[in-house]
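Take a look at this one; I'll ask things after.
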Amino acid sequence: MNKIIEPSSAVDKIFSGQTLMVGGFGLVGAPLTLIEELAKRDVNQLTILSNNLGEPGQGLGLLLRQRQVKKAVGSYFTSNWEVGEAYNQGFLEIELMPQGTFAESIRAGGAGIGGFYTKTGVGTELGERKEVRVIHGEKYLFEPSWRADVALIKAYQADQMGNLTYHKTARNFNPVMATAADYVIAEVDEIVACGQLPPENIVTPHLFVDAIVQSRRMLTREGVVDR
Amino acid sequence: MNKIIEPSSAVDKIFSGQTLMVGGFGLVGAPLTLIEELAKRDVNQLTILSNNLGEPGQGLGLLLRQRQVKKAVGSYFTSNWEVGEAYNQGFLEIELMPQGTFAESIRAGGAGIGGFYTKTGVGTELGERKEVRVIHGEKYLFEPSWRADVALIKAYQADQMGNLTYHKTARNFNPVMATAADYVIAEVDEIVACGQLPPENIVTPHLFVDAIVQSRRMLTREGVVDR
Amino acid sequence: MNTLKEVIARRAAAELEAGSIVNLGIGIPTLITQYVPPDSIFFHTENGLLGVGALEPNDYDPLRVNAGKLPVGELKGASYFDSAASFGMIRGGHISVAVLGALQVDAQGLVANWAVPNQNIIGVGGAMDLLVGAKKVIITMLHTTKNNQPKLIASCTCPVTSIRPADLVITERAVFRRLENTWYLTEILEGNSLDTIRRDTAFAFDILLNFRERKERPL
Amino acid sequence: MNTLKEVIARRAAAELEAGSIVNLGIGIPTLITQYVPPDSIFFHTENGLLGVGALEPNDYDPLRVNAGKLPVGELKGASYFDSAASFGMIRGGHISVAVLGALQVDAQGLVANWAVPNQNIIGVGGAMDLLVGAKKVIITMLHTTKNNQPKLIASCTCPVTSIRPADLVITERAVFRRLENTWYLTEILEGNSLDTIRRDTAFAFDILLNFRERKERPL
């Protein structure tokens, strides 16, 4: 039951062709250590669910640059110009979703909800070819839930059992992704003894977490550096 | 912007014929002060969304006994035998939902989701006359979201702005109900200064809360007593 | 009567693997906590607590209860969450085992445990969600009704709780496992005979005593 | 150019009522924080913070950012939450006002602010959710394109963001309000004339200067 493992062991669980969820809003709250470890591997043809694909050559941008990513599913790829380039050159498929629909479809996948109806996107290009249903007198779009083979998430503290807390806006997509994959790896800044996290303040209970990795890289004012 | 009001002013917002959400798992985490205040009023024909209808003559059981409730929507009314009696005598309509579907439909109402698909209830009496849809190869039932005119919830601490934290299993349905009504009244045990609740530990952000009431009644080993 | 229920609970406890996440229904399942090594199992209660522990006399809190509304303790590493999150865990497949009581279990593995014909249907609770969502469902029940009628029957006469079949039935007399759509009697509890089990069991079953679960591929 | 954007931001700030919950899009809306009295407005950012404050020089945290990924401060009473909860607030109608930039707004009130024809569609962010969910939508934008072409037009040529019309458009020249499916010019900003506004506005509008919003029933 020891969940604490090395980054290199953690990414052993990831295989070419799999679907991965990766937390973070840009580089904020992204599991940078795990991503860089994955970049050392001969693992490719990945489908990545993440709000963005990092920045050029950083975070998930590193996997993109190394052509490890087959398809990206998320809401805002504009901030890494290499995404548009890879897309134009035919190296990358993109599935674009409104950010709220993206977050909700992952939350649904983790909560055993097959799909849901949202008003977001009705009558827009992103809503084309999607089922419209009138509920309570208003139009909604059907959106199916998403799950992944592996989730790479970033938290602030973990106890030894895998209970997690998050730091400020580094929380973002991490808690929902923790619920929606068959294998969940949490990269954390601090590992504390069991019982150190107050039961009412735990954001991700340990039953969602399969492995815990101590972070070695961090985001600072100067960019990504060693801890 | 002062949200702190007296219980009697709070229930002034409740009118006959309205739909109310009321937090609590039995009496645990139920807004006992607000319920007793409402029991003093000539307000009836209420539709109540709550997991239970309290216990005989206690909590929501008091409103039932006074025939203020027209319809109950929830998952487990068995623990108050007067519910079955009122139902048999034709004084009470009941809409029964699986507990997870009940919680999720309220969460959906609060999150702008028109409806969702759950596997729960497929092929059962509670699933009869509900739409079945196959998603990802499995059968799911459609469930519409629920909202209410007013939510009466119970929290542990509030700051002056209305940020809330909860105590142990008294949390239950309260945080989701806080999101799903037009007017939300939070009964709390302690009111603290703004800034006293750590930003990462707030469970219900203040934007959900319209009014805060200091609790006067509490559940103990000996039953419901004055604080 | 209590003794029989304790026999069932003790036998069910032996099915739970260390480290697993287990939700216990009310009734017989609640007794299981007494028979597991301390801290080895993480008990989940759907009203919002992971890490249910034994109630320590000096740690009573009326606002910390299980799904049966009984006061409980909390283990180190426990966490609290709201009901929507809790049922997300259940439906989302994050609970290893649900141990539930039942009125009837039938030849197809279907479970009836929430309603009785011709009585008011006014309570279901979390039963349907747990049956649908838990990775493994263990039913604990007395082998027969008070009138010695079988509760393991050809087809449920009470309303079923789910279309998802149970994986295991444990009574005070026997253990039945469902493998590839067939019920197997895998264990006869001490003091019982195959003959009386056959007599009081109304669903068809094969016999596979000395069964040992192999992780890779059952059977 | 900056000055014009500041004019727009200052005017938009005056529309925000004390105590309201406001989400600011990137670009011009972000400038609004400078023009509201301290602590009077609760700024929500969809990446998971309610209570965005000015960044204090000695309180820099690279992991506390707004939706534009710029570092921000936090006010007393701030709270953090995950992205699913944050968009629940947005879609669920818990945001009083969204102030957004736009490429175009048309006669029907429709807004285009996420994509340009014949360019890759690779980013949408939270724009569609905010337009659908906020109780009131204020569009802040320059009145015309760099080539002096109208951006307030008969019918959007860029892909629309939602079927929900905007409530207010604020440019460096004018304020337009949408009341009962009609655009009204309700204010001409200092140094501008009705004639030039007419010339550079390609959607039909009525004139209702000296408009004062009445809470009970607009118009």
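Chains here go by letter, A, B, C and D, matching the order in which they are written, and residues are numbered from 1 within each.
Please note the rule applied: a residue touches a chain if its C-beta (ideal position, glycine included) is under 8 Å from a C-beta of that chain, and two chains touch if they have at least 3 such contacts.
These numbers come from a predicted model, not from an experiment.
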Label of the chain whose CA centroid is most distant from the centroid of chain D: C
CA centroid of chain B to CA centroid of chain C, Å: 29
Computed distance of Cα centres, chain C from chain A, in Å: 35
Distance between the centres, which are taken as Cα means, of chain D and chain C, whole angstrom: 55
Per-residue multi-chain contacts in chain A, two or more chains: 104, 107, 111-113, 118-119, 166-168, 171, 199-200
Of all residues in chain C, the ones touching two or more other chains: 74, 80-81, 84, 87-88, 90-91, 132-133
Chain-chain contacts as defined at top: A-B, A-C, A-D, B-C, B-D
Parts of chain B lying in touch with chain C, wherever the complex brings them together: 25-26, 28-29, 51, 75-79, 83-84, 87-88, 94, 96-101, 103-104, 106-107, 118-126, 139, 166-176, 203, 219-221
Chain B to chain A touching residues, read off their complex: 104, 108, 111-119, 133, 135-136, 138, 140, 144-145, 165-168, 171, 198-201
Contact footprint of chain C on chain A as seen in their complex: 1, 107, 109-113, 159, 161, 163, 179-180, 194-195, 199-200, 202, 205-208
Complex contact set, residues of chain D against chain A: 45-49, 60-65, 69, 74, 80-84, 86-88, 90-91, 115, 120-129, 132-133, 159-163
Touch list for chain D against partner chain B, complex: 18-19, 21, 42, 44, 50-51, 74, 76-81, 84, 87-95, 132-133
